[in-house]
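Order as written gives the chain letters A, B, C, D, E and F; numbering starts at 1 within each chain.
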Amino acid sequence: MILRIDRWQTELPPPSDPDPRGASIVQELMGGKFGEMSTLMNYTFQSFNFRNRQGARPFYDLIANIAAEEYGHIELVAAAINAMLTGAETKGARPRNSQQFIGGGKSALPQDSMGKPWTGDYVTATGDLVEDLTHNFFLETGARNNKLKVYEMVDHPAARALTGYLLVRGGVHQVAYARAVEKLTGADLTKMFPSPRIPTDKIPECRPHIERGDHLRLYRFSPDDYKEIVAVFNGPHPETGEDLTVIDHAPEGFPPVDLPPEPDVFAPDYAPEEIAEIARKLREAAGLPKEPSGVVAANGGNGSAADKVEAR
Amino acid sequence: MILRIDRWQTELPPPSDPDPRGASIVQELMGGKFGEMSTLMNYTFQSFNFRNRQGARPFYDLIANIAAEEYGHIELVAAAINAMLTGAETKGARPRNSQQFIGGGKSALPQDSMGKPWTGDYVTATGDLVEDLTHNFFLETGARNNKLKVYEMVDHPAARALTGYLLVRGGVHQVAYARAVEKLTGADLTKMFPSPRIPTDKIPECRPHIERGDHLRLYRFSPDDYKEIVAVFNGPHPETGEDLTVIDHAPEGFPPVDLPPEPDVFAPDYAPEEIAEIARKLREAAGLPKEPSGVVAANGGNGSAADKVEAR
Amino acid sequence: MILRIDRWQTELPPPSDPDPRGASIVQELMGGKFGEMSTLMNYTFQSFNFRNRQGARPFYDLIANIAAEEYGHIELVAAAINAMLTGAETKGARPRNSQQFIGGGKSALPQDSMGKPWTGDYVTATGDLVEDLTHNFFLETGARNNKLKVYEMVDHPAARALTGYLLVRGGVHQVAYARAVEKLTGADLTKMFPSPRIPTDKIPECRPHIERGDHLRLYRFSPDDYKEIVAVFNGPHPETGEDLTVIDHAPEGFPPVDLPPEPDVFAPDYAPEEIAEIARKLREAAGLPKEPSGVVAANGGNGSAADKVEAR
Amino acid sequence: MILRIDRWQTELPPPSDPDPRGASIVQELMGGKFGEMSTLMNYTFQSFNFRNRQGARPFYDLIANIAAEEYGHIELVAAAINAMLTGAETKGARPRNSQQFIGGGKSALPQDSMGKPWTGDYVTATGDLVEDLTHNFFLETGARNNKLKVYEMVDHPAARALTGYLLVRGGVHQVAYARAVEKLTGADLTKMFPSPRIPTDKIPECRPHIERGDHLRLYRFSPDDYKEIVAVFNGPHPETGEDLTVIDHAPEGFPPVDLPPEPDVFAPDYAPEEIAEIARKLREAAGLPKEPSGVVAANGGNGSAADKVEAR
Amino acid sequence: MILRIDRWQTELPPPSDPDPRGASIVQELMGGKFGEMSTLMNYTFQSFNFRNRQGARPFYDLIANIAAEEYGHIELVAAAINAMLTGAETKGARPRNSQQFIGGGKSALPQDSMGKPWTGDYVTATGDLVEDLTHNFFLETGARNNKLKVYEMVDHPAARALTGYLLVRGGVHQVAYARAVEKLTGADLTKMFPSPRIPTDKIPECRPHIERGDHLRLYRFSPDDYKEIVAVFNGPHPETGEDLTVIDHAPEGFPPVDLPPEPDVFAPDYAPEEIAEIARKLREAAGLPKEPSGVVAANGGNGSAADKVEAR
Amino acid sequence: MILRIDRWQTELPPPSDPDPRGASIVQELMGGKFGEMSTLMNYTFQSFNFRNRQGARPFYDLIANIAAEEYGHIELVAAAINAMLTGAETKGARPRNSQQFIGGGKSALPQDSMGKPWTGDYVTATGDLVEDLTHNFFLETGARNNKLKVYEMVDHPAARALTGYLLVRGGVHQVAYARAVEKLTGADLTKMFPSPRIPTDKIPECRPHIERGDHLRLYRFSPDDYKEIVAVFNGPHPETGEDLTVIDHAPEGFPPVDLPPEPDVFAPDYAPEEIAEIARKLREAAGLPKEPSGVVAANGGNGSAADKVEAR
């Protein structure tokens, strides 16, 4: 089971100029064959289906733990898409992905960049450990390819912050699976790095994360479990030679941006202030503090971007 | 983001007589339109896409928190399916769901009971709060219908333990969304309970959970967030009149059963003992204890069921 | 079985300026999850599968009768799309929905606004009456959401006439299903109106239909059957308090617009006049009147819009 | 638009021995590529999208009118499937099509015989009249093939009555489209009959319909429209040489069988008598006669088959 | 089995101005219901599944041999798409088909013009010879329709060269299947030509192929097999009256254009020269000539178009 | 383009006892994610889309050439399925894959073992050479896994002959791609063999092919092209240490078995002798020899198995 923490693994900028076409491209990182739903669900099912866990514990822990991180990734992709759609014109809109408006309320969908839904067919969980790890190494390679391309195609600040972060973290998973295959078979997949053959540190938006050392760290996303990841994730980073490290807890994270309402798509309502009034009363009746208890980014709902939106 | 805990929300029996046809039916609760992947992903996307969270915090917290519980449900469905497949004959097998063998290693798939993959089309996240809550109430009704039917169709102990638990917990979600709609609109959906119109306590496998009070409790699946669920989840249970309660933490849970290897489908390997030997060495090299650090159910990998499997 | 009447339930304007991108958006109301094919097929299958009809006759009649009206709705959506595509340039076209040109002859498709085909997965027909009615209430809510959004996104006169009409009629179905649930369970879903929370009469194109009283009327689409709908569809309208009424026959309707040929997409032919000549002879040989017997709108094939098309 | 008549185009036997596996095969005639949903929707969309109707009226009328008949065919396929499922065991069931139980209440689904949903991809409506008619001729050929095979594979009385009738009526449509192509191009497709090359009158269940002359008749399914079908549907039947005839109204039809409730799948309820009681009161309150107004087959809900079901 | 020849069946121009939107439309001819993957796979499966080949040899040979030609057609469609994408901007791109960039490296996909993947559902291989041939005649008619439309919609030189060629060759297949049906049943489908009713020789890009006589020739794509095609493919061409001819070998073909690398989508690499260097060494080590042994079009990789690309 | 040769790459036994359920399982090797349609289409598209072929010729040649071999593999899978279905009862049949009967004539479909159609989504052709080769290595690993499982699950002689052969040939491709990756990056994937970890020579049906040396040979499937495969496919076999070899032509192959007609599914006709008679006349009219010119296996259409079929 999981505990959920209402924070983002990285910081994303608040809404600025809306970019619906860009947002439709970023969907590939959500619902594409190599998107984050795929990494999440592949590793999740592999961990659920893992037989003889005790006999192969370090590998089980590795897959299960990376699965946990991926949940945070789909959250980030959604956040970036939603930010890019905030403030977009509905009247007369003919967006690439019309369902971000019609199906959602200017929001992220479990679809790829062509509007095709994510499907369980994208999951490979054979139960054969070497095969699954080989697959995962390849999946992360494909995911890196797609992130690099979306980075290139979409220059909206939210998309760039997203891809910059995901490239670094996905790179860590690519290394982790390469190491796992090597530990099991002796094949030195690390010689294949970087794949695609563009070094991550050439991407400006990746550099702050690299400078912070995040390209070397595998976080342990659990209060007490998955401790044997250290038995696999170690040794030198294939590109830089620095030591790989396990951080024995989750990253601290950042409060999410609270996006302004979009009444023209009824999100969260045609008259959001009425809901707010009801919420206030419910909170009071429940003996909760007057102000909402949740923590959101200071620059989110009240900053300049939101003002711009409200000024429409 | 999430933290993952390597425990199950409820106890499931260890493998006994294999039941591949039953396991293919239980898939409906995994990847069906009304399965647990659907409840998980519907609420997850609704929470990701929630606009003006601060203005509608109790409802945001409710949806986000129930999403967290659902992750534990797909884990349980997978576990039940895997248990039912453990020990199944591969030689000459013509199972209803052949891909549980060919695609997986006698394991759960993101498919429904007809082998169709789960798809993002099953997600409704409109951003309109009243509409999403109406949807969720309906979704839980459909999910309850399907659990009742699978209960009836499959009498394998793992399937019964699974459906018994899920019926009680899904019932809580059905109540939660009914209450949320009522708080927002005044419509008393609680008059529709139970729906389908068979009382949950008529199901023997539900009774222990009801006796423990689990039909009244909404657990908070977060270290520090989603505290405003109390503002919505309160009042009398629609069927029993007892008080609904928020438990301010996750349930303690149970250690998972560690399923025996199935070498004839290479899970985790054709020669699992070789992987175990490698794992031992890696653990040693990493300075970990000699014994695997993970906790699994005492009756799982070593009990009579597994013995039976090994004796094949 | 059915009898077909070659008239439209409402009047739609003849072709004016072509709007292929708008036409691609309107497809959501045809083949989307909440489109008219979905309402048609959900109610049709529910009526086909209805067990113990005699014991629940008023509800059977309600569902079967609304299904009949929905057939007229897919007809209208198709008509609006075809009108918007009439006269569109084929040469050099790069439309959002290329298959409206390549697969059809500038015509409507059983697809949604992203070009995904309608699928039987969109049908929920559980046989459980309360559940199906709950579903239908929700489905109409989702459909209303989508009509409102398409209204906002597309301002072509045909799209506006379409959505104006469908919003009023869909609203009647939403009320009908709410009443049905209330009659069966006592839950007063009418408190949820309007959902989404924008009153229908704020839409200018809805007003003529409201002024005519069409928001209060359920037509009986059958010569002799489905007479028990009066037992469910009665009482006050949830928004206006006016009395709901059953009209004991179908609306009179309007002759359809006969769209001009589009020879560049071979509709109905590269040389349509040759077909017309053959048709004339066949009519003569069969002893039919010289002029086509069918009635079409006076302003359709010969009016200014068509002239404009021909002048290309 | 349509008027719906609560009668079947042919008589089907009441439930007898349940045959869930047979029912799963018959689904091909519902939701398969060559099933009745395909014929219905192909002709419906072709008629909606027909350009220059006045200039090609006899062909428009032909397609539109056959579309109307097809609605009655999906109704019959559903009825046969439902009859075959009536009385089937739910407890411990492992049916070929589990969703007939789990998704529906022992009822028909918009799926094919492998459980794949019908999809809009099965619709071809190019707008090119000769091409669409060529397609329709081929579609009816494929449909005839599939009916013949289902006839052979499933010998349940309901399936045989269904296929016997559909083979005769589909044969008429095959002839109609062949004649239409011939009228337009001169190509004598009638030389291709029968296709597949087994004469319809070799099927015992077809013979009563042939003896009645139903293989020669095209019914006009409309109060006042589609009168020009006589200009196309005429001449000798390709196999028998008898004269083709247009019947200027719909067939009288037969009252549908009212299937007994199946409480174990909640159809229409876990306690159907409660719904019946509510229905009675609603009828009374609406001033309707005490007995249900609908007409159902005398041998349906009360006959020996239903008794057998009740005796379970 | 097959032998592959690294030549194209017709000449296509080297890359000129990139046209990603046009390339997305041309995809319909690849992965659409009536695209070349469909013709290839329909005839391929029909030939694989052909029963009693010896008893129906001329027809088996016809289908198997046309299947072989179709492989060359998917090759040409891919080549045209790739040419149209060569040199397209990646930075800031928002193409109609984003997956041509993200999934591929500015390259062709097994999808249609709306980005939907080709599916096995598009294959009809019933085993009934008359039915399959009827289907194939219709399929070629639909394919001709789509080629004509893509011709009209896309005027890029590569698209025009492609459609000009495919229209002529597809026309030959349409004739071949019409003749086959006629030989088996006597129905003179040749009266339906041309279908759609626009003569092929009205298309300027078709004329060189017609002048060369390619509209009359069926090539035998096999060293020694499928010799009985002459027993079906003979007689006069339905439009021109000229004699149909079998050419007893494959066409000579043309060397393919070698497209320049697109490093910004990593095709074939971010640093293609490194791969070239490796390739050189491998060739040397294997004792191969210093220069690549493959033959490519002289005007391809080095001509003005490529220069233009490189000059970006 | 291709030349087609009407011979099989390996010998398959003639029909013996029909095994429809086994045939439905073998479909996974045809249309599954890791089936032969996937290997065929992945490599075919990669070769079509290959940029800068001259600069990376040995790798282009390798992929293009293996694609050619895969065509022969889908032919073999189809042949095995068809053999297993020959003689199967249609009357009363309730097969796992009903569409092998209803859609085909007891024949192979482009579907997987659950009846899901093969889809273009299974193709990965990124254009990035290292990534595509990594993918292909993984794809062959997954394909080997699936072949091993189908081998285990289905013991029909045709299935065993098929999987025995495909395991050996797929193993060669797995080696080829591993070598290619190694040549490009230095990573020694050969250490991962065998994967899954069961040696191929433990499978009795593989041994004759291994003894013949077929596990070491890459055939060149082209009259004159793809000669640079020798630059990649060389060195020692990862499991046996023997030298890998390129055979500079295609294997000789075996004449295909000509399967008997199945008139009850109209394959090739309800009255196949009529077609045979027509074929004879056509052959005569074309001046062909009296006997069919095609070569088929001596033991196929006339042997004991066919006799058994005929004797039904």
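Keep this in mind: contacts are C-beta pairs under 8 Å (C-beta built on N, C-alpha and C of every residue); 3 or more make two chains touch, one makes a residue touch a chain.
Because the structure is a prediction, the values reported are computed rather than measured.
Taking the definition of touch as given, a chain qualifies here only if it contacts subunit B and subunit F alike; those chains are A, D. If you take subunit A and subunit F together, the chains in touch with both are B, E. At the subunit B-subunit C interface, residue numbers used by both copies make up over half of all numbers present, so the two copies contact each other through mostly the same positions.
Set against the C-alpha centre of subunit E, every other chain centre is closer than that of B. With centres taken as mean Cα positions, subunit D sits 23 Å from subunit C. Centre-to-centre separation between subunit B and subunit E, using Cα means, comes to 49 Å.
Distance between subunit B and subunit D, defined via averaged C-alpha coordinates, is recorded as 40 Å.
Touching two or more other chains at once are residues 33, 103, 111, 114-117, 119, 121, 124, 126, 128, 130-131, 145, 196-197, 265-266, 269 of subunit B. Contact topology of the protein chains: irregular, matching none of line, ring, star or complete. A list of each chain pair in contact follows: A-B, A-C, A-E, A-F, B-C, B-D, B-F, C-D, C-E, D-E, D-F, E-F.
Of all residues in subunit F, only 1-9, 31, 37, 41, 44-45, 48-61, 64-65, 67-69, 71-72, 74-75, 78-79, 82, 103-111, 117-121, 123-131, 183-184, 221-228, 230-232, 234, 250-251, 253, 256, 258-262, 265-269, 272-273, 275-276, 278-279, 282-283, 285-286, 288, 292-294, 296, 301 touch subunit E in the complex they form.
The residues of subunit D lying in touch with subunit E in their complex are 33, 119, 121, 124, 126, 128, 130-131, 134-135, 137-138, 141-142, 145, 181, 185-192, 195-197.
Within the complex formed with subunit B, the residues of subunit D that make contact are 90-94, 97-99, 101-103, 111, 114-117, 264-266, 269-271, 274.
The residues of subunit E lying in touch with subunit C in their complex are 21-22, 24-25, 28, 32-33, 96, 112-116, 145-146, 148-150, 152-155, 196-198.
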